[in-house]
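Same chain, two partners: chain A is paired with chain B first, then with chain C.
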Partner chain A sequence: MTRNQDPRSAAAPDSTLGTAIRARVPNAVLMLYILFLLLPLYWLLKMSLQPNSEIVGAFTLYPATVTFDNYIKIFTDSSWYTGYLNSIYYVGLNTIISLLVALPAAYAFSRYRFMGDKHLFFWLLTNRMAPPAVFLLPFFQLYQSVGLFDTHLAVALAHTLFNVPLAVWILEGFMSGVPKEMDETAYLDGYSWPRFFVKIFLPLISAGVGVTAFFCFMFSWVELLLARTLTSTDAKPIAATMTRTVSASGMDWGLLAAAGVLTLIPGALVIWFVRNHIAKGFALGRV
Partner chain B sequence: MTLRLEGISKYVEGEMHIDRVDMACEPGQATVLLGLTQAGKTTLMRLMAGLDRPSSGRILMDDRDVTRVPVRKRKVAMVYQQFINYPSLSIYDNIASPLKLARISKVEIDRRVRAEAERMQIGHLLDRLPAELSGGQQQRTAMARALVRDAQLLLLDEPLINLDYKLREQLREDLQQIFRERDTVIVYATTEPLEALTLGGSTAVMHEGRLVQHGPTPEVYHRPASVAVSQVFSDPPMNLFAGELDNGELSLGAEARFKAPTHLRDLPSGRYRFGVRPGQMHLDNRDQARMALTGEVEVAEIAGSETYIHVRHGEAAWVVQVEGVHAFGLGDPITVYIDPDRLFAFDSAGRLVAAPASARPDAT
Partner chain C sequence: MEKTYYPKAWLMVLPVVAIVSFSAIVPLMTVINYSVQDIFGPENRYFVGMEWFREILGDPEIRGAFQRQFLFSFAVLAIEIPLGIAIALCMPRKGPWVSVVLILLALPLLVPWNVVGTIWQMFARPDIGLLGIGINGLGIDYNFTGNSIDAWVTVLAMDVWHWTSLAVLLCYAGLQAIPDAYYQAARIDGASRWAVFRYIELPKMRGVLMIAILLRFMDSFKIFAEPFVLTGGGPGDSTTFLSQYLTTMAVGQFDLGPAAAFSIIYFLVILLVSYVFYQVINNLGKGVS
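Up next is the complex of A and B:
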């Protein structure tokens, strides 16, 4: 009775309920979204911890018997773990070569005007538009004839073709953000170019270098076609090794899932380390 | 150490940026490069520093041709209008960096860096990074880095322009002191006549890529060689009137006629352009000795204790600078008065033919 006499007290519970729902709905949508994103990852992790019999058996949401056999096999069998080592080796090599080549090139594009500079800059990017598979045959034939076939350098160099243009493009954006007067002041102070570049300039664009390294790393890490075709045994990447799990006794699901989980880890680590740079890079540079 | 430019020209893609500049700068006083934006001040400074090569002409330092000597070997220091410091180095390392590269002993570096920082009033900030300082402090750091070394040539390209009014005044005073103590050639570029007057020394007026007048600052101020100089070296620019001298009678426009003042009496009869500084136009006719001109108020800007009245008179527009606060409405009729003794006279080619004699002693 008294409640009805005061319209404000009657309305109050309704409106707080309204705001609560309005606040929860986006949260719920977000949770669902994250759930869908994580589901395949979870499934992969679940499978990697299950024995094969359980995977192909009944549908389960979580492993009934947790086993680390799959992981132990990968870390003890050299035919497995060398796949990871090979991949990390050529990916690291590729990132270093790409940066070493792209840094001076990007500096030239950002600081000097020369004949055809704008065309060249665009032409570099068009390199990136071709699918890697197009270059499969020429690379294969070329590397066979110069003896680069089945080496880490072969894969690293092949990936460089795709990474350098992107690296130049990203770094140029960061470098152009540094005023030219900075270079001139350094020369006036008596810095030589290499010393200025390493001591003054590189720290200024460290975020850009981080972002570039990340993109080079990720491209090279996930690229399968070139890496598999240009290697046979000595430099065989993990992704190629994983295709071996089909044997006479059927598919080794658990082992494959464990290898998949381990393949995700380096990428996740790199993202973790450069996440702040990436955020800055998206805001500042050309990414 | 003397800096001499001989017939310096700079063309970029066929476009003239600097045209045949001859100039000598002496140590012990500041040479102020005065000109509007785009007059070629920065371009000329970059040529002096060696950051750009002139298209033709020679640059001499103490009679030694340095035109083709690279920047690093020239002992030049430069302060830009943007605050340029090395963001990754501390203030201490910023100031010390030219000394470190000159291979000076650690003890000596430390002494000089601290002394210079103290003088620039950033002694307590040496451990910070440039990004953690205010704009004024950043520019002080840039100046300290330029001053700490034994540069033969110190170039300052509108160093105070990006600072707020108060800081600018204070730094300008500091600079006066520093310039007096130094035995290097100092070139200071600015768009502001007031800076040229306070920093003293000599003034070189640039206009559209040419050096139009160079001499001791008071001399240039009181005898601007041409209409162009009178416009640059006066803030607001000097007001110009078309007028005539006819047998000792001076007329400005159709209405104002007066007996020609002493300094104009010897000029031959004919048409002239007369100039008067905005501060020399008045709203009252003291002693009935002033010429009256009428016009309409376009706008009256009140700037603190002064009022700038923009007056339109037919085709001509003038600015009258008067003491005190005066309110005017748009389009109000106004009568302004000019002391004929204060008139500059320019001939038809824009060259100065007579300057007011009485203007010489006071330096405002």
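Up next is the complex of A and C:
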């Protein structure tokens, strides 16, 4: 055994036990890591199914009495569920805007050279680096002056700051993977650019579009600072509803946990649809 | 791919330029404008030149916040990138479990950032949390709301929980792109596991590792909501990072001029460090592959 623990003796044919153990190590590491990821989520789920008195009262590893009261409260109280609707509304709007403007731009970056193209690309990426905290106050004033404050459009537009550069970046990666001969053949066949783009090119990079939409959805869904600053009542996101309820009513842990569980669901649904492309998408289409 | 020179391609990028200008250039001009003025009211403002920049750069509290931020960001990179590589190497390369594992890994990335704070608060509290009760049960005194070191470790653990998956997914994508022929050749040569990693897998992951390092640096340098909800920046100011400091300054105290000057310095530091990382990784790669 001691001899086989040397990682460089990769062959090690003389001890099947040693090889068997070494083959299991990666699985064990992976399982431990996934356990580490799931434990806090399990704890959240467990609390969401408990009445508050039980959470504060006694420590249990699983809920002694399962109750859905916390969820029922969220689904029946409009101040709670409108938060979800607002979030989904502006996130959807942001995803659509980001994709519509990013698609032609990414095509231009992947196919053509033009004046200042590299500088422009880099400038777009610097916006991905900008801390939202820097733009907090100017955004507030800007959107108030154009009368967009506390609308879904304001949040959707503000989130384009980091989503549009990212969308261009990912889509450019996917589009560069499509050979240029494809375009040229289509033009020879008499396709106009818009018709070629919609009929032929988009289906070719549909995985890339899906992944991009997923990323826009994700980064807009998880952002709180800008969304909270640009809204007060009409477009208030669920994340902001959660922070305010904490300070107002003391600590209703069960309710808070239920609201938290519900914020996981849209993301989990979206990820299910892009599950086969997600790894490539995370590499921004560049593998 | 050979690209054609086509000046009219500008028309295609125009919508992006317009929309990003609206949300980036106008606010950036506002920030620069504020950073050189002392503002008492809309009609009552004075030009003060570089005054605020000098004040910010000389402020020991802000220097402290910068030091904490750098320490945090480098700790994040030092833990998440190697751990991400290790986990990616442990993942199954094909089979029915791949999708399941990918989805489980991606779950923390989809949690709204303030909910991440809430989850960890519930998980780590010494009175109701599994982690808090567990650690105290082992005989170690742990309380992240009272002890600065505990708070720091908890914020770091939370970030590892939240973001290591991004590094894993990126590295996994890089590993998947390595053709099987490379591994077969290595087996024929009798290469050790370490040699396979060092001379095949690591060079092939250079591109995705660059993305991982840059994204993790930028995002950890901008961190706000998670520690804000978990610790509120405390105890004391031990977990007050730059974004929280800036937000308090701009919205809490309404010090527009200094906050704007701070914003510009903050932004420039991110740009500069990202650029240095980019150059260093690019040059490192040239020697290897």
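Going forward, the second predicted complex is superposed on the first by the 247 of 287 C-alpha atoms of A that agree within 3 Å, B and C clash if a C-alpha of one lies under 4 Å from a C-alpha of the other, contacts with A are read in each partner's own complex, and residues count from 1 in each chain.
One rule holds in what follows: a residue touches a chain if its C-beta (ideal position, glycine included) is under 8 Å from a C-beta of that chain, and two chains touch if they have at least 3 such contacts.
Remember, predicted model here, so these are calculated numbers, not experimental data.
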item: Touching partner for A:Phe36 - first (chain B), second (chain C), both, neither; value: second
item: Chain B versus chain C as contact partner of A:Ala133, first or second or both or neither; value: second
item: Contacts of A:Leu99 with chain B and chain C, given as first, second, both or neither; value: neither
item: Dominant contact partner of chain A by residue count, chain C or chain B; value: C
item: Chain B versus chain C as contact partner of A:Ile200, first or second or both or neither; value: first
item: Chain B versus chain C as contact partner of A:Ala156, first or second or both or neither; value: neither
item: Touched partner set for A:Ala213, first chain B, second chain C, both or neither; value: neither
item: Doubly contacted residues of chain A, that is, touched by chain B and again by chain C; value: 179
item: Footprint of chain A on chain C - complex, ascending; value: 1-10, 12-13, 15-17, 19-20, 22-24, 26-28, 30-31, 86-87, 89-91, 99, 101-115, 118-120, 122-123, 127-131, 133, 161, 164-166, 169-170, 172-174, 176-177, 190-194, 207-208, 211, 218, 221-222, 224-225, 229, 242-244, 246-247, 250-251, 256, 259, 263-264, 266-267, 270-271, 274
item: In the complex with chain C, residue positions of chain A that touch it; value: 7-8, 10-11, 25-27, 29-30, 33-34, 36-41, 43-44, 47, 55-56, 59, 61, 97, 100-102, 104-105, 107-115, 117, 120, 124, 126-139, 141-142, 157-158, 160-161, 164-165, 168, 176, 179-180, 218, 221-225, 229, 238-239, 242-243, 246, 253, 256-257, 260, 263-264, 267-268, 270-272, 275-276, 278-280, 282-284, 286-287
item: Contacting residues of chain A [partner chain B, same complex]; value: 179, 181-182, 184-192, 200, 203-204
item: Footprint of chain A on chain B - complex, ascending; value: 49, 51, 71-72, 76-78, 80, 82, 84, 86-89, 97-98, 101-102, 142, 145, 149
